[in-house]
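One structure follows; several queries about it will come next.
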Amino acid sequence: MSQTTTPASAADVFPQAPPEKGMFISLGPQHPSTHGVLRVAITVDGETVTSAQPDIGYLHRATEKLAEKRTYPQIIVLTDRLDYLAAMTNNWSYCLAVEKMLAVPIPERAEYLRIIVGELQRIASHCVFLGTYGIDIGAYTPFLVAFGRERERILDLFEELCGARLTYNYIRIGGVMADTPAGWEKKVREFVKEMWGHIQEYDTLLTYNPIFMDRTQNIGLMTPEMAVAWGITGPNLRATGFRADVRKDDPYSLYPQLKFDIPVGKQGDCWERYQVRVSEMRESLKMIEQCLDRIQPGEWMAKLPKVYRVPAGEGYGHLEAPRGDLGFYIISDGSPSPYRMHIRAPSFINLQVLQQLLKGWKVADVVAILGSVDIVLGEVDR
Amino acid sequence: MFELGPALHHAFELLRGFAVSHGMSRDAALLLSKIIQANILVLGVAVIPMVLVYAERKVSAFMQARLGPMHVGPWGILQTFADGVKLMLKEDVVPAGADKWVHFLAPVVAVAPVFVCFAPVPFGQGLTPVDLDTGVLFIFAVSGVSTIGILLGGWGSGNKFSMLGGLRAAAQLLSYEIPRVLSVIPVLMWYGSMSLGTIALAQHGRWLGILPKWFIFYPVIGQIAFLIFLISSVAETNRTPFDIPEAESELVAGFHTEFSGLKFALFFLAEYAYVFLASAMGTALFLGGGDGFLLPNGILPSWIWFLLKTFALVFLFLWFRWTYPRLRIDRLMQFCWKFLMPWSFVNIALTGLLVLVRQR
Amino acid sequence: MSPSLSSLVFYAFSAMLVVTAVGVVTLRNVFYSAVSLVAALTIVAGLFVLLGADFLGAAQVLVYVGGILIIMLFVIMLSQQPRDLLQRQTNDQWIAGLFFALTIGVSLVRAFTYFVSQTPPDGDIAPTSASLGRLLLGEMLLPFEAVSLILLAALVGAVVFGQEKNA
Amino acid sequence: MTNDEILAVITGKFPEIQAIPKVQGQARGDELYLSVPAQKLPELCRFLRFDPPLAFDFLSFVTSVDWKDRYEVVYYLVSTLHKHKLVLKVNLADRATPEVPTVTDVWAGADWQEREIFDLMGITFRGHYNLRRILLPDDWEGHPLRKDYVPTPDRYD
């Protein structure tokens, strides 16, 4: 259902080596608005940016090399630390890949729990984006409200469920770690009911705030061709008007049975990248409500031997993480640990578009554009 | 009831009488009382920013679903005092490449004008330190000097980026000074005097018994003048949504990043003192100074009314800061030259018309 | 302000004015001389107020210190490279300069002594802004408008010259 | 389009490319796997990208595998229009100087991924406009993801 993309013209899409002249500004790696350890080398001609070279690798922990030395269940702990703002979806994506190779059936309750927890994680991750992006543009209150109040509620729910606030390790190969404690679903339902009002609050506080719109509309424009050519996925891609979501295009778990739609922008500017994420929160709330209505008590973990071997071969499992299409390509040689594991990190691929996206905009817009792409360095550097 | 003005006046009379009776010449006694009055004003201006900083932290806290400072003193009242002491004890770092003298001079030039600016402000009946005839012009003139403090700060920090930050901040202050002055001219035209005391006094009284005759309630010209004055005052004090120095520190270092310890405290004091000065001027020019409303006259003394109205305006400043994001620098300049200025000219023309009609 | 106090203040201001004015000329660092020019002009404003011209004093601070000197500081900060800030202020024709200064000085002193003896210092200090306003827009309306035209022309000229070639 | 139709279209234009059959009992997804000689890669990629019935406009990821005796570069392609997928595998027999032509002129998204492979696996990409290390410091010796990589001891100098 997504429209075809015309072949991108070479000029506006493909990377060229950076020019030498112009004043040089190094943004980062210690910097208030680069969301972590990222350095962007910007050459400036007067007020406009002539070239931008993100410099990464400060948080590289060689996760892919480590995975070759660990058994399959042990790797789940590694995936928590990739996109440290959305550990649930990291675990889930890795487990999807392994389950696809093991071809083990997942009990229905586990699938519903995974969707509830995954969508809660999406809301929490977007809350972080909302807060930090407000600060980038200069509004301090949304951070305290979105990051402080809402996300804390979600983290409390997760803590009650699996004992951790950030590195959950809750979704396991074959199902989930444990069943929900008594009354947990009721608390989630209460949170969801309240959250509808809070999202309305964000609209009045920031989304339709005239100065915020003035700072973000028609800035950092991205065409669908440019986005697809650069391999961009997630809210950044949908903001350009290109309807692409792994939950619909390559459905997994029980998403086909849920009714939700994909919010899409029109011209892919900073405001729409922000706006798409806020409306995505509403869709997640819808999904959680539907799951809460359908979930039945029952089995929450598939029957798996203590130490199991993944048959030799290869497999690619991926899902729609808050920041885009997060996938795990695993090659196994039949031993308890994978021969090779490659992580398709959406932030890593989304970040490279900055070389193209920042060109031609004013210095004052660099912070707005960089913030709107919403990258997490743990996932970029792996 | 207990108007502070006449009471103080009487006290100083007694003091002068006492001094003269003890062999001091009349001139020396007069000079002595003037010095004491000046000291009271300076102390007041030094204390007010501490109250404002506390107010800002509490207001921002309640707006952001948190409590703000609670530990130091009951409800955190002594927090700003503790901050002040901390800043005084902090080591005063002068960057190596910096120009030592200019680095020392910058905070002085930025702060000194503030104390002088409070002279013509009518705090209440009889409580005007110096009722200058050219009060308003005097305040604008002297507050312009602190822009030089910011430039010196930018230059004295020794690094290219803070100099750029300083230049941009000074450009913003310069350009917003013009609409601010123009927005006040209608008030001067209407009341025919530049002394804040007489303007505030002229606004006492009631229309049809209920609506106080404040300039803000004058049909079109009052609201336009007040709004332009408020907006350009927010810009003059470098506060969100016009806080270019802070925005600059994201990319280009803001002009006061190289200052630490007491020098930084002075810049901080200057900013909050200017917020209070702008609110005080707003009260005197647009909200009728010490004139009370609702309650029958005399229940509350005029200086209480003045402080109430001024803190109401200060709350507006705080409110803007915690709700609005930051304007981009070129939009900010465009807003000043292409929106505020034309409207202030229109307002002056309108007031001229009304003055003509009034004279008929 | 009894005569003894005001004359004391007057001499203090004048002394400071002379010191800062000389500083403007002799200081090696261009930035320092600009700052001392700021000090000098502020003291001039103080003298105006001392003489009872309160409007003129405030206008002096507003126009000179608040406006023109800030632009000067802009120019110095933007254009100067640190190294060529410290230029020698004096050159070798200082003898001719000194002689010329002496003659100007003597003639000025004679003029002042003549004026001071003529006009008795008037007594009270009345606010001047109202009378100044009536004067400017009354008799002196034509020169007032002419001056504003000249300033406008200067402004437009500055913008045209300031325009970058490629803009 | 099903895998067989895609295979038919591709082998029609490039006879020497064959599919990698699925071995019995081997865990593998339902994608079509192709083995591609290195020098045919640019031409094939341009064909896959701009041929209307195929329209593989989205390069999901590029990665590399060290099979101890040979290197292998894997391209995972998706067509956003037709929703079909394709995996290309390029085998590099010579271990001394493994080299593959770049695909950044077809899919710009491969830019950093090829730099990462060069950085961690040591495979050079001929024609890449900015091929230098991306994750590791520039003065790093060796390529960590290789199976025979001996980690240099921690330097505290």
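The chains carry the letters A, B, C and D, assigned in the order they are written, with residues numbered from 1 in each.
Convention: a contact is a pair of C-beta atoms (placed from the backbone, for glycine too) under 8 Å apart; a residue touches a chain by one contact, two chains touch by 3 or more.
If you're wondering where the values come from, they're calculated on a predicted model, not measured in any experiment.
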Remotest chain, chain C as reference, centres from CA atoms: D
Where chain A and chain D are represented by their mean Cα positions, the distance between them in whole Å: 24
Distance between the centres, which are taken as Cα means, of chain D and chain C, whole angstrom: 75
Geometric centre distance via CA averages, chain D-chain B, whole Å: 66
Chain-level touch network, classified as line, ring, star, complete or other: line
Full enumeration of touching chain pairs: A-B, A-D, B-C
In the complex with chain A, residue positions of chain B that touch it: 60, 63-66, 240-241, 243, 246-247, 249-252, 322-331
Residue numbers on chain A that touch chain D, as the complex places them: 2-5, 7-8, 10, 13-17, 56-57, 60, 62, 64-65, 100-103, 226, 228-232, 242, 244, 249-250, 310-316, 318, 325, 327, 329, 331-332, 339-340, 342, 344, 348-349, 351-352, 355-356, 381-382
Complex contacts: residues of chain B adjacent to chain C: 27, 31, 99, 101-102, 105, 132-134, 137-138, 140-142, 144-145, 147-148, 151-152, 154-155, 163, 166-167, 170-171, 174, 177, 194
Complex contact set, residues of chain D against chain A: 23, 25-29, 31, 49-50, 55, 57-61, 63, 65-66, 74, 76, 80-81, 83, 104-105, 107-113, 116, 120, 129-130, 133-137, 144-145
Residue numbers on chain C that touch chain B, as the complex places them: 2, 4-5, 31-32, 35, 38, 42, 54-55, 58-62, 65-67, 69-70, 73-74, 77-78, 127, 129
